[in-house]
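Encoded as structure tokens, the structure appears first; notes follow it.
Chain naming follows the written order as A, B and C, and within any one chain the residues start at number 1.
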Amino acid sequence: MDLILIAVVSLGAIGLIAAIILYAASKKFAVYEDPRIAQVAEVLPQANCGGCGFPGCSGFAAACVKAGSLEGKLCPVGGQPTMVKVAAILGLEAAASEPKVAVVRCNGTCANRPLVTQYDGVRSCVIANSTYGGETGCTFGCLGCGDCVAACKFDAIHMNPETGLPEVDEDKCTACGACGKACPRGIIEIRPKGKNNRRVYVQCVNKDKGAVARKSCSAACIGCGKCVKVCPFEAITLANNLAYIDPAKCKSCRKCEMECPQQAIIAKNFPPRKPKAEGEAAAKPATAPKAAPVAAKPEAPAQAAPKEA
Amino acid sequence: MANKLIVSLSPHVHGNDSVQKNMYGVIIALVPALLVSFYMFGLGAVIVTLTSVIACLFFEWAITKFILKRERTTIMDGSAALTGLLLAFNLPSNLPLWIIIIGALVAIGIGKMTFGGLGCNPFNPALVGRIFLLISFPVQMTSWPVAGQLGSYTDVETAATPLALMKQAVHGNADALGQLPDAFSLFLGNNPGCIGEISSLALLLGLAYMLVKKIITWHIPVSILATVFVFSGLMHLANPAVYASPFTHLFTGGLMLGAIFMATDYVTSPMTHKGMIIYGVAIGFLTVVIRLFGAYPEGMSFAIFIMNAFTPLINTYCKPKRFGEVVKK
Amino acid sequence: MKTFRIGGVHPAENKLSAGKAIETLALPKQAVFPLSQHIGAPATPIVKKGDVVKVGTKIAEAGGFVSAAIFSSVSGKVNKVDSVIDASGYRKPAIFIDVDGDEWEESIDRSADLVKECTLTPEEIVAKVKNAGVVGMGGACFPTHVKLMPPPGCKAECVIINAVECEPYLTADHRLMLEKPDQILVGVSLLMKAAKVTKGYIGIENNKPDAIRLMTEKAAAYAGIEVVPLQVKYPQGGEKQLIDAVIGRQVPAPPAIPINVGAVVQNVGTAYAVYEAVMKNKPLFERVVTVTGKSLKNPSNFLTRMGTPMSQLIDAAGGLPEDTGKVIGGGPMMGKALVNTEVPICKGSSGVLIMNDKEAKRAEPQPCIRCAKCVSACPMGLEPYLLATCSSLQDWERVEKEMIMSCIECGSCQFTCPSHRPMLDYIRMGKGKVGGIIRARNAKK
């Protein structure tokens, strides 16, 4: 009986002393933190992907509370709905933003880009990139080792074994930008999703001269400039033998896609064209620039597309 | 040109060393001790060794294939065979088969594969197996057969080991030290105990082979043996009636086996020479402490086990001498 | 026998072409001169399409202090200034010259007479070396004039000539010593004069006893030059290892450089180039290149004009074997695997090594068994296994703390690894990243 008593009393005493110390310590070393930071962190996705540019979700929450304005702050994972919630907690206005998605700007599939050497090192794009130009003749294109896949926290990008290129799962992609940072060649770009999820972009980053680029990849941008001429909105610029479509100016008219001799420009998620439409589109350019300024909003091409389909 | 050029970063040549070469090198180094054990313990030694090796190989294969579901089997790399052999070396020759198999399962299953297989285990797998058996089956694990009964297995006569005598001396049995065989005959092989530990001579031959083949460096075995010698020597000088001579300490029990083969296990020993010496000295010290003051007669396996746990810490703090740290001449 | 103190390995030497005298290679049809053949800023072209050039005409001006001019090695017409895939595996700007005859600039002394007397001041020697576009010929291609002008606060005490040639297979330096010993020794004297020192050492590994004997014999006639035989150990040709081996001083961790311990290290080929530049007014446009490989019919040493495609050398050595798996520019330990055989010979091309398919393939890596052999082999006293693992886990802070920037990328760790782990691939990646982080940090300051 004594034994039990001693055990109970001694353990109880230890517990009590520990409790007092803990209580004293928590009072003494308490650090004041704005309670709104916790509230904001609550509505964030807690993916800690760093896509917002801050170290983790709590870092982003602290930055939002401290800044006093949400201008330029966006959680790419939660998107606009999350930012509206954050704004409500802080009593601020959420900055307008459009949804974005990662796009792979290389179409150097196994068929388009024949192998010229074999790489025999670590399967890492960064290391392969530091070794040499890559297994194909193109020294700008995808290396296919999948650093972007490893970097994605949302399971949104995967290598397609048939093409040897990564493919983005648009539903899962949160545009956090981790894949883009992981890619040593800057192939992956975060672009606005576009109206109705439709967007037009150059699927190539090759800066070689036309003949060299064409020799190494049949889908390479050769910098011919035809797209620049045909674009009615001046959305396309040509630099270092490479065309780039400015998403802010592009109205998704798809003229450039038609014009590109290399099929290096891709129009994503558009309904398929009728074969007949080709001639029609070629005849149209003269009228298009006139129509466009009137229908400044991208309704015009969006309407036109279903008709064609 | 027939094929596409291969491109990789330098170096483009390799020294042709391999995991297999190292593992089989250690196994070759164990052969002299194995032959001595067959000569001393006969059938029992053969049965125990074979069972242990085969069981270890089987568990390695079964776990990689059915539990880890890896495509490449690793049984040919020699590491499982080596674990099996070292485990057998740490068992008495009259141990029943089922206990050996449990030991092999613990060694490979818990000691090695749970951590991810070769290269990932924090403790020497053979030691995990041995210590598990020593604690679980203390009676079977500490009944040592008398050498020379070549045809028998579990039905042999058993006797006290020199280490047990030394322990008795510490506990006050004044005659015990007198019954010890002399150090030289212990050195040659008159050292009843586990299969692999009987002949210091054979084990030292193995050490010489490994040093010549550059499988291991001298740092660990030498620092362990030197520490044991010095520390037990000091104790002997202090009180020769109670503490046995340092030579007897060197040549009894699993000290040689442990210092040469168990403590030098690549995976669980430190990476730098400085660290290896710290590790060796600590093992030697702990061994003597356990032998003289602990409850168990033998402390080698516990000492190695404890220091295995300290290896990551040693690796963190013992850095090699960096180039340029040397002061100008 | 002297050698360096930490680590090192001994790969099979395979000096197949050691007994082959240097042959002069025929002129190429077209010579290609990449504009960055050296460490530092690329050179700026000063010729344009259609210009007629002679052998020794300057075709590109140095692009900065740490840079070097480039000279035509052929006479003919500039075809174009375009890009070519060089040893790095990437397209780099280059000058293409169509060869037409072999007309040399008049200022070059083409006689074989040995000129010993030099009345130039140290500054004039450095200026001549700079104007001849001389760079380190060992492979790193660091502009020589920069090394001869120590930064303020540093004083050179001796010149160390790297005649170690520790890379397996390569024999270019060995042959050069046997065939041009006096020219090299005059070059060394010039380097000593330029660096304002009185002591010069020539470090030679003792797998070249004939070169040691010849050089020791000849060096007696030159003041202050001593030949130091060294034990064969890789990477003795590393600048820091060589200083340690020869004068027993260790260069501290980066950013310290050899001049901080008073040493100026130059390759033996560089010494020869300096002789030619100063005494014969001949800019750097040709060099000795070893073409070798076990499968090659006729491993040889060629005196080759820069800009010659490697395929021409390989053809001259018996043609590319059917089973070729890898073509390496340089030696097997630190050379670069080439994308094709049309890569032009540059100032730093010490060799072309052909490996067959079987030799070329890396073995499949196995898990690290923590055998610590890489730690013992590392000549810089680093822990390669740790650097590789932390780099692969992208722990840049840790690898910086573990002194990844001290790594000289010699490959001893990977050479010795029983698990065939591609450690150096990861360490290079980590070094690149940490280097970037350090530069960014310094820029901020």
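Methods note: contacts are C-beta pairs under 8 Å (C-beta built on N, C-alpha and C of every residue); 3 or more make two chains touch, one makes a residue touch a chain.
Not measured: the values here are computed from a predicted model.
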Selected interface, A-C versus A-B, where C-beta contact pairs are more numerous: A-C
Geometric centre: closest chain by C-alpha means: C
Maximum centroid distance from chain C, chain identifier (CA atoms): B
Inter-centroid spacing, chain C versus chain B (mean Cα positions, whole Å): 48
Centre-to-centre distance between chain B and chain A (centres being mean Cα positions), rounded to whole Å: 55
Between chain A and chain C, centroid-to-centroid distance (C-alpha), Å: 43
Residues within chain B bordering two or more other chains: 3, 5-9
Junction residues of chain C - those touching two or more other chains: 89, 336-337, 339-340, 360-362, 422, 425, 428
Contacts with 2+ other chains: residues of chain A: 116-117, 120-121, 127, 130-132
Parts of chain A lying in touch with chain C, wherever the complex brings them together: 116-117, 120-122, 124, 126-127, 130-134, 139, 208, 212
Touching residues (chain side chain B, partner chain A) in the complex: 3-9
Residues of chain B defined as touching chain C within the complex: 1-3, 5-15, 17-19, 21-22, 77, 79, 116-120, 217, 266-273, 319-326, 328-329
Touching residues (chain side chain A, partner chain B) in the complex: 115-121, 127, 130-132, 135
Partner chain A, residues of chain C touching it in the complex: 83, 85, 88-91, 336-337, 339-340, 360-362, 422, 425-426, 428-429, 432
